[in-house]
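What follows is one structure encoded as structure tokens, with my remarks underneath.
Each chain gets a letter, A, B, C, D, E and F, in the order it is written, and its residues are counted from 1.
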Amino acid sequence: MSEEEMIEGGGEGVIKKFLYLNRRAPYGSIYALESLEVVLIGAAFEQDVSVAFIDDGVYQLTKGQDTKGVEMKNFSPTYRALEMYDVEKLYVFKESLDERGLTEDDLIVDVEVVDAKQMADLMDEQEVILSF
Amino acid sequence: MSEEEMIEGGGEGVIKKFLYLNRRAPYGSIYALESLEVVLIGAAFEQDVSVAFIDDGVYQLTKGQDTKGVEMKNFSPTYRALEMYDVEKLYVFKESLDERGLTEDDLIVDVEVVDAKQMADLMDEQEVILSF
Amino acid sequence: MKLGVQVNEGPYQHQASDSAYQFVKAAVEKGHEIFRVFFYHDGVNNGTRLATPPQDDRNVANRWSELAAKHDIDLVLCVAAAQRRGIADADEAKRNGKDADNIAPGFRISGLGQLIEAGIQCDRLVVFGD
Amino acid sequence: MKLGVQVNEGPYQHQASDSAYQFVKAAVEKGHEIFRVFFYHDGVNNGTRLATPPQDDRNVANRWSELAAKHDIDLVLCVAAAQRRGIADADEAKRNGKDADNIAPGFRISGLGQLIEAGIQCDRLVVFGD
Amino acid sequence: MPTLHTVNKSPFDKTSLNSCLRFAKDGSSILLIEDGVYAALNGTTFTEAVKTAMKNVTVYALQPDIEARGMANKVIDGIKLVDYAGFVDLVEQNDRVESWL
Amino acid sequence: MPTLHTVNKSPFDKTSLNSCLRFAKDGSSILLIEDGVYAALNGTTFTEAVKTAMKNVTVYALQPDIEARGMANKVIDGIKLVDYAGFVDLVEQNDRVESWL
């Protein structure tokens, strides 16, 4: 049984604001990968989805990841595929980039870089927040 | 099969310096409890054992723990039993107490409170360090 | 109030599953509806029937099974997370060529869509984890 | 050099088991002796044979079993930690009245004394965890 | 549109409390649970930061977690203690729950 | 009697690097692995603390973990990159391993 076979409609017509909140680095733990899996599956439900990257979550989006040495799956290219799933609202917290010496140029996808107030506003608009 | 049935002599005559390094608070995770279980089982091997409490590990030793509300086992009285197992060298890092507003009076057992240099010296004397 | 709960950690290692259980129990006692408890990440490890914790400690998996039986609560283990970590029901075991299964009573295995559905259907979704 | 390794976390959730595996593999390739790998805490979850990870990902449990078979490495799951978390061999399952077991080939269940013994016998003990 | 933020980690161990405080809006609530309750105590290096935050947000701590850790007599004045039923009430009274894991 | 310290957590997430630096003696070695390698990078808020520590201790970082995270071109000068075989050598060359988990 795979994920795809298990999707069922569950609330046709209802559109809620979902925020996926990513605060962890990739590879050191599985949260980043399994968060991405929820986002992809969730896309089939056609909700109003935003994905936020703050704290070490911004490391999920860095270019140049090469996992041959650790023998793990490099899932970073999948962030580029989000657009095809109509997941287009990706927000990155500017201070989290700054603290890590990163800029938008270091990231593998186009994102909206926001400040603390904008991020707090975004969080406060949501109906469902999934934390990873 | 219980732990007790499984103890076998494994190196009679060899006495090594073992340090158990406790850096986590109790109950939020199981590390504190399962560390204590190793210390108790390890006592049968008659090694030269020290137990260090630094960072949130100092919270393991606080008086007055009452776990009825969380329905978990209160294992803090077991620290008092360590003496009966000839585990007598308990070291607590003074700065970790200070940062948490704790003093020796808050602790359930007698310990030696040490400064950073003493703790670093203790670590550097060891042959085996088990981190939890 | 209709509630959904997500549990990201397994039993014992972290308090997350304990907190989620106490929260669900309190919500039921107050008359709220628990739409679903969704176990994700290591949370799927709550759904084993092979655990034998010490007599003087709580039995985390059993407690979930009992609560589900008593109040008809839907306990769902994420299929992808369960496959990674070795939690299987009879169907999954057969499908994947395994000679045994280990799922506990009251749990079922299903897809991540069940989590999204809980988000859509519930008045609140509460996440417990490490 | 005679090496002991302790693994405190299960597969996938944290990198600890991956790091420990790569370390052990490298040590063996350099000709060192691995006296024992001791799985404690959630580390016991590495020892299940019921996992079916995605085809494009590594199979953490299988990988340990294969390494053990190839180089005759002693993989020990802590009995107390395994009982709490639902990892059982045939004996444990029988003793605890369970209808199934789930231990993977190459692993054995034993007591915490095996960890202490590794500390005594080995030139170095290296701990991997969360 | 108030939010209930939950924090379950010791501020000495992880930085999640800091992150929560960065984004918690005036008028929102923070519930400290599990090892997060160590942020609710007097005399620590985090006491002042929490007291400052309390000017703008309401801080709660889960009493069973406080008691488990033996900290019942050290809680900062003004932090409200709730049990699991009170946790459920807070979830109901707010529009959403944001878990800082 | 040199010690090899390992740190596997991001300094942005957990405080274990700070604890390690408090106790690591002059002449000892620190190996950054897993998410700990984020401490090995230029331009972060931890760069200066790590550079200061490097006056007294030797800092290594695990290359496979650096590469997995796409950070190969950001490593602080003077931090030595090792692979898993190099990790084993460091364990052999030191008298004990202290894991800051």
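To be clear about the criterion, contacts are C-beta pairs under 8 Å (C-beta built on N, C-alpha and C of every residue); 3 or more make two chains touch, one makes a residue touch a chain.
Bear in mind the structure is a predicted one, so any value in this text is a computation, not a measurement.
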In contact with chain A and chain D alike are the chains C, F
Figure out the least number of contact steps between chain C and chain D, where 1 means they touch directly.
1
Quick check for the class: compute each chain's Cα centroid; which one is farthest from the centroid of chain E?
D
With contacts counted as defined, which of the two, A-E or A-C, has more C-beta pairs across the interface?
A-C
Relative to chain A, chain with the most remote C-alpha centre:
B
Distance between chain centroids, defined by C-alpha means - chain B, chain C (Å):
33
Just curious, how far off is chain E from chain D if you go by their C-alpha centres, in Å?
38
Nearest whole angstrom, what separates the Cα centre of chain A from the Cα centre of chain F?
28
Between the Cα centroids of chain B and chain D the separation in whole angstrom comes to 24
Chain A: positions in contact with at least two other chains:
27-30, 55, 70, 72, 127-129, 131-132
Mind pulling the residue numbers of chain E that touch at least two other chains?
8, 12-13, 15, 34-35, 64, 83, 96-97, 99, 101
Which residue numbers or ranges of chain C touch two or more of the other chains?
8, 12-13, 15, 22, 41, 54, 57, 80, 92, 125, 127, 129-130
Go through the chains and record each pair that touches.
A-C, A-D, A-E, A-F, B-C, B-D, B-E, B-F, C-D, C-E, D-F, E-F
Show which residues of chain D lie in contact with chain A when the two form their complex.
12-15, 18, 22, 54, 56-58, 130
Across the complex, what residues on chain A touch chain F?
24-29, 55-56, 59, 62-70, 72, 74, 76, 99-102
Interface with chain D, chain A side, in the complex: residues 27-30, 70-73
Counting only contacts in the complex, chain C reaches chain E at residues 1, 3, 8, 15-16, 19, 22-23, 25-27, 29-30, 32, 124-130
Residues of chain E touching chain F in the complex:
12-15
